[in-house]
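Pasting the structures here.
Next, two complexes with chain A in common: one pairs it with chain B, the other with chain C.
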Partner chain A sequence: MTKEEVKGANEAEQQAQSKKALKKQQKEAEKAAKKAEKQAKLAAEQQSTEEDDFAKDRYGVSPMVQSQQKLDRVLVRIQELTPKKADQLIWVRARIHTSRAKGKQCFLVLRQQQFNVQALVAVGDCASKQMVKFAANITKESIVDVEAMVRTVDQKIESCSQQDVELHVERIFVISQAEPRLPLQLEDAVRPEGEGDEQDGRATVNQDTKLDNRVIDLRTTTSQAIFRLQSGVCQLFRDTLTNKGFVEIQTPKIISAASEGGANVFTVSYFKTSAYLAQSPQLYKQMCICADFDKVFCVGPVFRAEDSNTHRHLTEFVGLDIEMAFNYHYHEVIDSITDTMVQIFKGLRDRFQTEIQTVNKQFPSEPFKFLEPTLRLEYKEGVAMLRAAGVEMGDEDDLSTPNEKLLGRLVKEKYDTDFYVLDKYPLSVRPFYTMPDPNNPKYSNSYDMFMRGEEILSGAQRIHDAQLLTERAQHHNIDLEKIKSYIDSFRYGAPPHAGGGIGLERVTMLYLGLHNVRQTSMFPRDPKRLTP
Partner chain B sequence: MTKEEVKGANEAEQQAQSKKALKKQQKEAEKAAKKAEKQAKLAAEQQSTEEDDFAKDRYGVSPMVQSQQKLDRVLVRIQELTPKKADQLIWVRARIHTSRAKGKQCFLVLRQQQFNVQALVAVGDCASKQMVKFAANITKESIVDVEAMVRTVDQKIESCSQQDVELHVERIFVISQAEPRLPLQLEDAVRPEGEGDEQDGRATVNQDTKLDNRVIDLRTTTSQAIFRLQSGVCQLFRDTLTNKGFVEIQTPKIISAASEGGANVFTVSYFKTSAYLAQSPQLYKQMCICADFDKVFCVGPVFRAEDSNTHRHLTEFVGLDIEMAFNYHYHEVIDSITDTMVQIFKGLRDRFQTEIQTVNKQFPSEPFKFLEPTLRLEYKEGVAMLRAAGVEMGDEDDLSTPNEKLLGRLVKEKYDTDFYVLDKYPLSVRPFYTMPDPNNPKYSNSYDMFMRGEEILSGAQRIHDAQLLTERAQHHNIDLEKIKSYIDSFRYGAPPHAGGGIGLERVTMLYLGLHNVRQTSMFPRDPKRLTP
Partner chain C sequence: MPMYQVKPTSGSDIKIDLPTCMYKLPNIHAQGGSYNEHALQNGEVDPALQALEARQDEILRRLYELKAAVDGLAKTVTTPDADLDATTLSQGSTASVFTGTTDLDSLLGKDLGALRDIVINANPTRPPLSLLVLHGLLCQKYRVLSSVHVHSSVSSVPPQLLSCLGPRHADSYARHHFQLGFTLIWKDVPHVQMKFSTQKMCPIEGEASVARFLFRLLAAEPRDAAAATQVDGWIDTAVFQMAEGSAKERAAVLRALNSALGRGSWLVGQELSLADIVCASSVLQTGSASSAPPNVQRWLKCCENLGYFSCISPLLP
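Up next is the complex of A and B:
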């Protein structure tokens, strides 16, 4: 937040800033700070009513961490809890994943992201009866600071990621308390589809409940793995292109004219006028090519006001966009893009194997297969394969979603790849700025790329000649006045160029073999969902 | 563009797809392809009217590159044209930067981004009189393919980046023709401020003209340097944080409630309802912390509907956002952020020296200075320094822009740094979610960071306790119903955390010592500018 924004947002408050109001505000803050401390005392006092508690300083609810002090204490990561740390006294901060009291002891599972470890609070030298009771009563998902001795175990603890050690708790303090009733149980949310069964009480959680309570759903091992891998997709995309000499650009999302013909665009109130949300960075990345940046990429949100409620449509998603000047043939660009995709696939395979396997536990799928060099088929060949499989379609018909998937299966059978390029689409099904095929005007220098039979990229050689572009826009009934600055970009020397836009969420979904793009969008937006 | 969008956009077209319309379309494409070829022939024919031209196959206007063929020809980069390439016959594609005819020869300067080289077309074995004339008439900014012999020169060519060689042109073909009248001259656009003088005809270009013709303005050495360096800022930001174990996240820009109190927010029509454009990823990155991602960053657009027409305000800019759980004190987070900034400064200094010097030629500035560790002052100390310099202000007054700049100068004088942190702002000038100072409720655990006396980051420890957050929101008169899902995020265990948001364009501007944020936004948006 910039200071200016705070000023704006706080207008109401500024009026209230008489001395009186100020004092009230100060008191509130003091009150809040003290309240947490009181809570801590209270918890301790309640325990000691029953009998004198020798361990009373060893547990409790900590005051809210308000940066009161700089502690030198080292907090160990659960991931690092291995036999190497055996017989060391360590501190760890973690969530209570599960808790099970049993006589004079309480077994906790402590969790940090995808890692967890068993912890034991047992009546003894360090822990009193009251302390065990206190530990047993800490609500699931609360965050605790625990001091404990690391001990190796005789038998592997199969249910935990740290199977060779457990923690013998000597102190336990609650840092942040979770409300007792969770809107969903993490173990239900990661249960493989089909394994849930109401009769045996093993529930699953439906997607809307997960998304409504996304902050909890994102804590599951599956979600953690999905989004850590997605972070890797972005990094691999950018690193590969940076190594190839591409420059990252930032393009505006608020634009003055709906560039792509006016359908499916969100309108924004813009001071005294109105504007639109960009459906793609298409026009801007092309302008960057005309401005001599030669090879550019950008990663950012794109917006589609489509009332589509399917497994693969979002109204806002993240576009990984590429645009590149080429010398003589747009296949130079296809080769750059497919190589980038291959680098992503390899990087994921080599660096995110744990994440892939974690997701596979809940959503089993075949490993993602790809060829080097990438398979490139012409649209005509695709149509021929479909026809041979019994599909009836014209030469220039677009691919329907079922046919797209069917073609994916046919390609997989014949070539054993989950990734391929379909080249030379019919001109009539592509946007106005697509370069026609020089040899057959029915076709165009355009291509889609597919993962597991679903489209993840659409691209083409673009028309870099202002006059031909004008003719094609007119042919598409596009208002020339509205795309004037776009067309004018090509009047002062423009290199031949091509590019494409990739949907990040689709790449993650299809690489992992998931079935809904909402699983790979942290806070998905569709016609029916705007929250959280 | 996804296929689905094309479908929507092309609805009008689909109706026109009777066989008749289709034929017309095919003819058009054929016509366009042939037109370019005709042009080429015509140009050659015109030349040969005068006399027979022995060089007529060595120059002309090439047909539009429509990917007709895959040429094996290697195009050399101008940057690589050094004496090592002497006496080699090479091909190069470049823009005509300048052109000067002189008797039987024509001197061209060929440009690729920030690199340029002199080229000579002279009547002789390879070039005819007609060919020299043709070369002399090629419009500036046109793109040409040139075959030439690389020759070393006796005297350095001071006006070019490649000073030790020139090209002796043997063939020259126009790939893309620029219109004869350019809306601005590149040499005018890079003239240092103050050097332009109407009397001696050396014009400068005002900012609106530059921005109106951004595609040409971005071709200047200054613009190329600015945006290549900005690309570096993003890369250094992400690489540093990735190395520190941060995860990149993607947060929605379309949100259901104006999170920050409702002022300065753009409204979007969202199907049958309305929504807002996010003023920051604040709430979402905090939710990611509550969802156990521990340390997150994101790079993306943020939107501010402020009617501010200043040198440093944009209605859309790129936010570099950080959020991080900490153990005991929010200074852990300040240290992470300042270290990230220092890594950026060092990376720019070490890897972008050419770009920095290029920008300095047009906009001179002192090298950017920073300390290790970063200087951290308390707000109180800042106020005391200002008072000592004669400024009258209350303890809890916010810093005005002039006072911010003055303080920057005072800090520079005393500590010799252009980068510092101001810590512990008065609570009353910060957003509702800011954690109050545990020791003095007038103040808060919040901070700004400054470069050359201007704010580039605002951040704080956030309140991670739902109850205190509710109280503070109420105090700020914020409708609790609208931020319910935000507050609810803290009910199920939330670690203490802090973060901040950095304005990318401001970092680039202030690092380079520029004076307007529009210089560091490729396609800036302000209340008066929505195009290009």
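Up next is the complex of A and C:
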């Protein structure tokens, strides 16, 4: 094809096109005109309505709070909204939990932590049509300030924690707006397992999504309750031990040598050399005992480089550790620890009943049962019970996880307790620093404590004699050079002592009967998760 | 002769045709005197003497019975009221009361290395007093590891209920030193419940049934079926009509006890039995001891004097 030919063809095409284009343009112009007309109409309407909007000072988006002014306005907590406050005009700051517009009215559910209340914006004396529309369009999870009249209701509002009152909104201002698209819906995140089947189309949120968006997940009533209860565990642990005359100590987390043998430690670079993250504060607790602190405890992070992706392992968790010098028998220490646990359980039972109920709604479980004083069985008896149930195991075999669970069930069946101590473990399954039993060299003065059939504490009377410690370490083929500082700390006189440590997350999980320790760790760390 | 005479109804000279198929015997009436002499000659005892001997035996037997009854009474009568320590004496008398030998292996099955632990769940509002009495008896017979626990379903328990099994055993740190475990758990249960082997045995419900189980461990069950039935009858009366019954039923039980105790010093047989333990416990528990009829009062006194009931006195209303 020559150039001209091409040109001619193009022209012809262009002509044809221009005809089409003309038509198109015409149409578009018509469309635009219509649109403009519409818009003008709308604008006019809006103008007219805006002029009509008598309530425009009663709603809006507040300027960002930069501490411009210090108002004396009293904000009422949602949990305090009871029929006692009926017919009072109050201010509330809360999140929009849900909103539902229905003609001339809009129902909002306002939430504050685990409490929520129904609020109603209805066209009337103080609310205009525009105000209702504004309220309906506020995105979920936004924080609002609301002035409202408290009214009692005839029929209980089943979906809210404040069932006897509702708020009739007179003013509403947005303090902080949430993005319209939430990564997960709160209602989905608290839906009980199994209820959100694919058949009924209701969604549940899987664990990873929850953990990726922890900040929203933590707003759910379940999470709120879990972490309030966890704080209670810590508080009760501290209070009980302080009352018993224990001293709280802080131990270093960056250490030069692995405290328990050497496996499962994280290595970190430490200037020109390397260091380890503490696996347990054991050495330091024992050093405090040797330094005459008599009874010590500490609450702090513990690191385990175990590459196990189970429901109960974390690489970083909060350890509640106890170490105590005793007079004659290490059972004095068991009694102290078990009594502390019982006080924690009693405190939780008596002071955190609402939280327990809240968690139970999403994750139903039997209430935690325990005995006071705590049941103590001996390892031999445990083995005998397992054998009677048909398990084949040797006298000195360690308990496997399924056997632990089975033993927990057997003990529960007979004694109806979810918490017990198993005493006198075989020496061969315990670490080298465990004191051997005085009467039978095959056994040791060591104990484990179990909650709902899962081990939560492992402890023992420690060898406080450098000579015996050296022998035991050699028996276990441990390099004496590596544990020299540990052995040396017993050379200058050490009182007999025993202790143990529990994991806060595990205790919370097992007390509530949850199935994953990640639910009770605020920002869990496991082999696959380092964020958030 | 003060008696009237009757004419013979037939003449003595009647001839009877005797059949020939039968053998003949000499007329014993006609030759009475000679027959006796003949027997004596053969070295046999005169029946009169025999009768005399039988009467003597009977008297001796009744004397022995009386002696046994007096011995039984003496046990209670000679127990001091105030001066002597009742517990030391009771140990002496227990030895004589519950002498049956027992082998726990045969009663409870073979020992697998675990402590044979009897777990009893009881409601602190109604402490099972009879079981506490039986616990005391078990302790005298075996090395028993006793422990009291409070279950989380109960918020608080009065201190006397925590110490109702006596002070902690000095060796309680070594569980394998004991033959038997007695674990009392105060728990929110409608009825007393006992668990022993969760695999081989279903839980035993009710104070009466548990009491029977524990009493069997003492091997003091009456051998005789009639007595055993009587004991069972009294136990059920005590549990269903005394402890759980109305005021009317209680009064009836007290009357029945009173009349039974009028016939002997104990409810069944000549010695303290499970019937006495359970009945006395329920009378004491219902607080009807002070208003009880005289025989019941006397019997309660005897029970207390034996010392078995001292462990429950701090728990009485």
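By definition in this document, the second predicted complex is superposed on the first by the 480 of 532 C-alpha atoms of A that agree within 3 Å, B and C clash if a C-alpha of one lies under 4 Å from a C-alpha of the other, contacts with A are read in each partner's own complex, and residues count from 1 in each chain.
Methods note: a contact is a pair of C-beta atoms (placed from the backbone, for glycine too) under 8 Å apart; a residue touches a chain by one contact, two chains touch by 3 or more.
Bear in mind the structure is a predicted one, so any value in this text is a computation, not a measurement.
K.L.:
With everything superposed onto chain A, say whether chain B and chain C fit together or clash.
P.N.:
Aligned through their shared chain, the two binders fit side by side on chain A.
K.L.:
In the overlay, answer first, second, both or neither for which of chain B and chain C A:329 touches.
P.N.:
Both: A:329 reaches chain B and chain C.
K.L.:
For A:370, select first, second, both or neither according to whether it touches chain B, chain C, the two together, or no partner.
P.N.:
second
K.L.:
Thinking of the overlay built on chain A, is A:209 touched by chain B (first), by chain C (second), by both, or by neither?
P.N.:
neither
K.L.:
Tell me the contact category for A:383 with respect to chain B and chain C: first, second, both or neither.
P.N.:
The answer is second: A:383 touches chain C but not chain B.
K.L.:
Considering only touches as defined above, state whether A:163 meets chain B (first), chain C (second), both or neither.
P.N.:
In the superposition, A:163 contacts neither chain B nor chain C.
K.L.:
Give the label of whichever partner, chain B or chain C, reaches more residues of chain A.
P.N.:
Chain A has more residues touched by B than by the other partner.
K.L.:
Answer with first, second, both or neither: which of chain B and chain C does A:224 touch in the superposed model?
P.N.:
Once the two structures are laid over each other on A, A:224 reaches chain B alone.
K.L.:
Rounded to whole Å, what minimum CA distance do you find between chain B and chain C in the overlaid structures?
P.N.:
The answer for the closest chain B-chain C C-alpha pair is 7 Å.
K.L.:
Which residues of chain A are in contact with chain B in one complex and with chain C in the other?
P.N.:
Shared contact residues on chain A: 329, 331.
K.L.:
State the interface residues of chain C toward chain A in the complex, per the touch definition above.
P.N.:
112-115, 117, 119, 121, 147, 149-153, 155, 173, 175-176, 183, 185, 187, 195, 197-199
K.L.:
Which positions of chain A touch chain C when the two form their complex?
P.N.:
It is residues 329, 331, 345-346, 349-350, 367-373, 375-378, 380-381, 383-385, 387-389, 410, 413-417 of chain A that touch chain C.
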